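The following blocks contain the structures, represented as structure tokens.
The two complexes that follow have chain A in common; it is paired with chain B in the first and with chain C in the second.
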Partner chain A sequence: MRKHKKSNVAYYFLLPAGILIFLFFFLPVILTILISFTDMSSVTGFSNWSIVGLNNYFKIFVHPDSLHIFGQTMIYVSCTLIFFNVGMGLLIALLAYHLPKRVGGFFRSLWLLPRITPAVVYVLMWKMLAADAPYGVLNELFRVPFGLPTTNLLPEHAMLFCILVNGYIGASFGMIIFSSAIESISSDIMTSSLVDGAGIFDRARYIIIPQLRWPLLFVTTYQTLSLLTSFESIMVLTDGNFGTEVWSLWSYHKALNNYYGNFQYGFGSALSGLLVVVGIVFAIIYLKYFKFGELVKEPLIDEI
Partner chain B sequence: MKELGWSAEEIDSLPQRIAEGSYTLDDMLETCERAVDAGVVEEGHGYWHRPLKGGDFIQFYVAFGGQIYDEEQDKLVIDEDALIKCYQFQRDCVESGATPESYIGTQWNIWHNEVANGGALFFNAGTWMWADWAANYVDGGEDTLFENLGFAYEPSGIRGQKGTTLSHPLVYLVASESASGSEDQALAERLIAKMQTTERNTRHAVESGHLGVLESQDNYAPYKESEFLSAASYLLDNNFFQPNHPMYGLWFDSFWENLVSVEQGDKTAEKGASDCIKVLKLELEDQLIVK
Partner chain C sequence: MDVSINNLTKKFGNVTAVNNFSLEIKSGEFVAFLGPSGCGKTTTLLTVAGIYKPNSGSIVFGGKDVTFAQPKDRNIGMVFQSYALYPHMSVYENIVFSMKLKKASEEDKKKAAQEVADLLGIGHLLERKPGELSGGQQQRVALGRALVKKPQLLLFDEPLSNLDARLRISMRTEIKRIQKELGITCIYVTHDQIEAMTMADKVAVLKDGLLQTFQPPIELHTHPCTEFIGSFVGNPPMNLFNSKVVEKDGDIFTILPDKSMMKVNKIVDPKVYNKELRVGIRPEDIEIVDKGTADSSTGIVSLFEPLGRDNLVNVRCGNKTIQLLSSPKAGIEIGDTINFKAVDTQWQFFDLESGKSLLWHTK
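Right, the complex of A and B next:
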């Protein structure tokens, strides 16, 4: 039996997308890393900068804030990922599957609302939820009736709010992917497992979730990288104050956001460069843990 | 303040006493405490400084004798002593009950609504907010404002040191030919001159509550007729500016972040000050003088 010859046509189909990805993803990364080896900033402008090698990276390592910001970033990413993006997404998908179709669909649509609301409007709503009485909803409903002292909740529990704000948005991504993955599990297995005596929970644990390994890998990896690099809702919510400065926001603040016009392109690029490294490390760990190699291996059954 | 027992003279003379330095920031906090104790003012509504990041806060660093910029050497300065005192003052505001602990981060619309309607005994505001309040937040417009609110310098932290205020002038820059490739520099200059006339700037100043930028405006009738602007113009006698140093943004960011930490109680004033200086030394390198 002749082994099927690998065709080159596939590469031609990939070329347009490949060019776009190269131009808008790989090239900027290369440029960012190159800039991180310079001292480019508002002070030097675009014509007076010089190459400083690893000086920016050294500065990051001795910077008093680095460790704290890194820790906060890890807390933010892991909590949002585990409790919302993957956890909640899986939970809603499972629950919606077991509800009548219309009810399930209705709740899934509700969970999409945070994602489709414009970010600023959405975060503003959260700010008004947390505000001090008599303006804030949470204070008015849960503290005033009990005579408890009221405060602006946001500065006190800033990281919690960041996780909540991003979590409600993020859950819908996992929810959609897991939902469609669960739907695509063969109904034979689903029904026969119940007939064989498995309970709903057993079926979820032993049949559904193992079948979701590929979507789980995808959502976890994608959302980890997405959370590592996204900061817009944190920026609108707290602007990094109250201990919520995450790494990507730090990079943005240093390189592109300064009221007095002091943009540190070199230092900010170095921060971004480190973020790329962290992202790659995470991706490799996930791919190994979820045994990506096995998932995409050629099947052992010969083709006829 | 009348309810607290201050006589009309005491109230009227307050701006003067602040200008001279006989009424300091500590006096202000004491007044707040007494007001809260007497029930005249709600707890946490004694002193409402600016709720969000902004250059206004350096006024309190300067109020305690801090220096920001050394003109001779063209370098930024950080005075550890003044910094500690400034941070401690911000923390004292919270501990004395004048300001709530989770106050920073209060949204502007909430802040304006409270302050314009007399919700805070003392507050830090800008002259430009006057017009905003009269138009948008206060029934009765400017008249109500004049009746209920007063204004003065920012009190000093050191007795005997004059009160100050911060101005934030901007500079018009015309790009040179080598920078922009354009040869219309003279045209641009004429355009700027035509924009920034006594008439036009006065119109802007009156409508928005900004102080004028041209000396000729002092003698210009519509400017003089604006009660608020003529009353507030004396503040320009003892003001200072944020320095025009390219790395000032970094100075301020570090100053601000540690100020927030100290005010909220996450760090002591000493730790906040030393962290601030550590970061400044790292980021500003040779452009910093530490006192």
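Right, the complex of A and C next:
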């Protein structure tokens, strides 16, 4: 009898996706990191650059803006994440579960509106919301009638608006994931906890949320990484003014779009490279904190 | 604790799941709700538990109206078919969950958990997670979780349906033992008539949301007051066919599908003669006779199933198949022609239209 050979067919099936991932995800990261070791910029052009080693990283370290931009990034990421992407997402999912099915469904689909509105239109709507009277909705409706002085609210509360703008988009992602996870908890367990003496708050706290550990880990990790790297709505909203320059936007400004016209590709790449490292560190902390190992552990079952 | 359910009706949209259901359960009684799937038995149970609110009617626990009380204020325990253990908690945490909600002290919790663990023989499992237990162990834990509250009413929703046959029999005995030991009032929902018959003091049979009967299990078997009960209770099921009862020379007879006549004892006289009605006879009440007589019937064996102790024999009788039990030693084979005769005291007669028994009128 012919000996059964381990089949390599699986690898051929993985190849097309593998090539795409390599070309469009992996290679750009490598290129970015390689560029970050050079002094490439508009001044050097694409031919006269030279390798400068870790110089760009050293420059970041001593740059006067680094610390407060890092601080702003942390505030922006953590507030959006905690209050909206995870917090609000979880809250809506829990609320919608306790509403009658049709009402809950409607309520949830409302929250998808910011996500399906074109980003620029959506951000402009926020701008109009915050604008000075008579154009700004908030001023016109809540300040003018009370004789309060009006002003453009955006520069005054720039970071708050950045968080709100991103949060209202981001919350729906967590909401969808958490909702389906809550729906998948067996109705017997839900009933059982009520019979055991839990009210709906106790049930949410002791029964539902602990069973959402895996979706919580996923949403937290995924959203941290996307908040660290996405900057388009801040760019449209404030373009980094009024203390809202976050790390990824800084990188973009340095490398591709700045007032002085000298695009520092090398320095911008180093900023991006550092962001990759920060993202990885966060992901590792989350995996440890949520005890990912335990989640994927095989169950042990024995006889009666 | 006495439980009384009064004129309970529960609708889901246009569907009436439970229809004007009334029942009085005495303290310490073990009551089974028996019926096919979709008959409203689980809905009734969940309404008693307070998960569903009824459209009309009331539920009274020991003189106190609890119709609209929250489940947590009813002091009940519940055991589910799916066990419904909390997967993220250890066995110990599962058992003492209700005490934790009541902010009981660590000591009390330990003591109570130890008590039920001893009662159920699960002491060695307390540190495990539900995912690390077998089905039988999970069901014991679920029972322990229900018992630790010292409930006044224990509700079971098909608790043994997911277990294998052997385990089901031993758990049946165990649940019965614990119930007697603790004297808890129980409602036990099942579609398995053997569970209902073996465990319950009284059985409530439900069909399409309506209570058919509420009586002790043995009466259910011997005195079925509707055709539905007759056909649903008993294994193998009762033979049923349309026929008449006739009077001849002072004796009464019923006509079998092959036009042969069988004697009916006067103690089961339906007192309706020469009128089409529904005739029932259980397979175990038909015996095989060697020689054909005036009140026996003849038929060809079309199929037989060995059940171990007995063989279930299908016999063609006119245009119907009659099932009867025979001894495996009788050596009957497919194609054999056999003579058979019913035990004349065991006939059941039902009205053709209403399905009500013409012999028994208990409700």
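Keep this in mind: the second predicted complex is superposed on the first by the 281 of 304 C-alpha atoms of A that agree within 3 Å, B and C clash if a C-alpha of one lies under 4 Å from a C-alpha of the other, contacts with A are read in each partner's own complex, and residues count from 1 in each chain.
As a convention for this text, a residue touches a chain if its C-beta (ideal position, glycine included) is under 8 Å from a C-beta of that chain, and two chains touch if they have at least 3 such contacts.
Keep in mind it's a predicted model, so treat the numbers as computed, not measured.
After superposition onto chain A, the partners chain B and chain C occupy separate space and fit alongside each other. When the two structures are aligned on the shared chain, A:199 is found in touch with chain C, with no touch to chain B. Once chain A of one complex is fitted onto chain A of the other, the partner contacts of A:289 are absent, as it touches neither chain B nor chain C. Looking at the shared chain after the overlay, A:142 reaches neither chain B nor chain C. With both structures placed on the common chain, the touch criterion links A:188 to chain C but leaves chain B unconnected. Set side by side, chain B and chain C differ in how many residues of chain A they touch, and the one touching more is B.
One geometric descriptor of the composite model is the angle centred on chain A: between the Cα centres of chain B and chain C it reads 150 degrees, in steps of 10. Applying the stated contact rule after C-alpha superposition, one finds that A:213 touches chain C and leaves chain B untouched. With the two structures overlaid on their shared chain A, chain B and chain C come no closer than 51 Å at the level of C-alpha atoms. Chain contact summary for the complex, chain B toward chain A: residues 53, 55, 100-107, 110, 242, 246-250, 252-253, 257, 260, 264, 266, 275, 278-279, 282-283. Residues of chain A touching chain C in their complex: 186, 188-189, 191-199, 202, 206-207, 210-211, 213, 299-304. Only residues 42-43, 59, 62-65, 127-128, 131-132, 135, 151-156, 238-239, 241-243, 253, 258-262, 264 of chain A touch chain B when the two sit together in their complex. Taken in their complex, chain C has these residues touching chain A: 46, 49-51, 70-72, 74, 76-78, 80-89, 97-98, 100-102, 129, 131-134, 136-137, 145, 149, 155, 157, 167.
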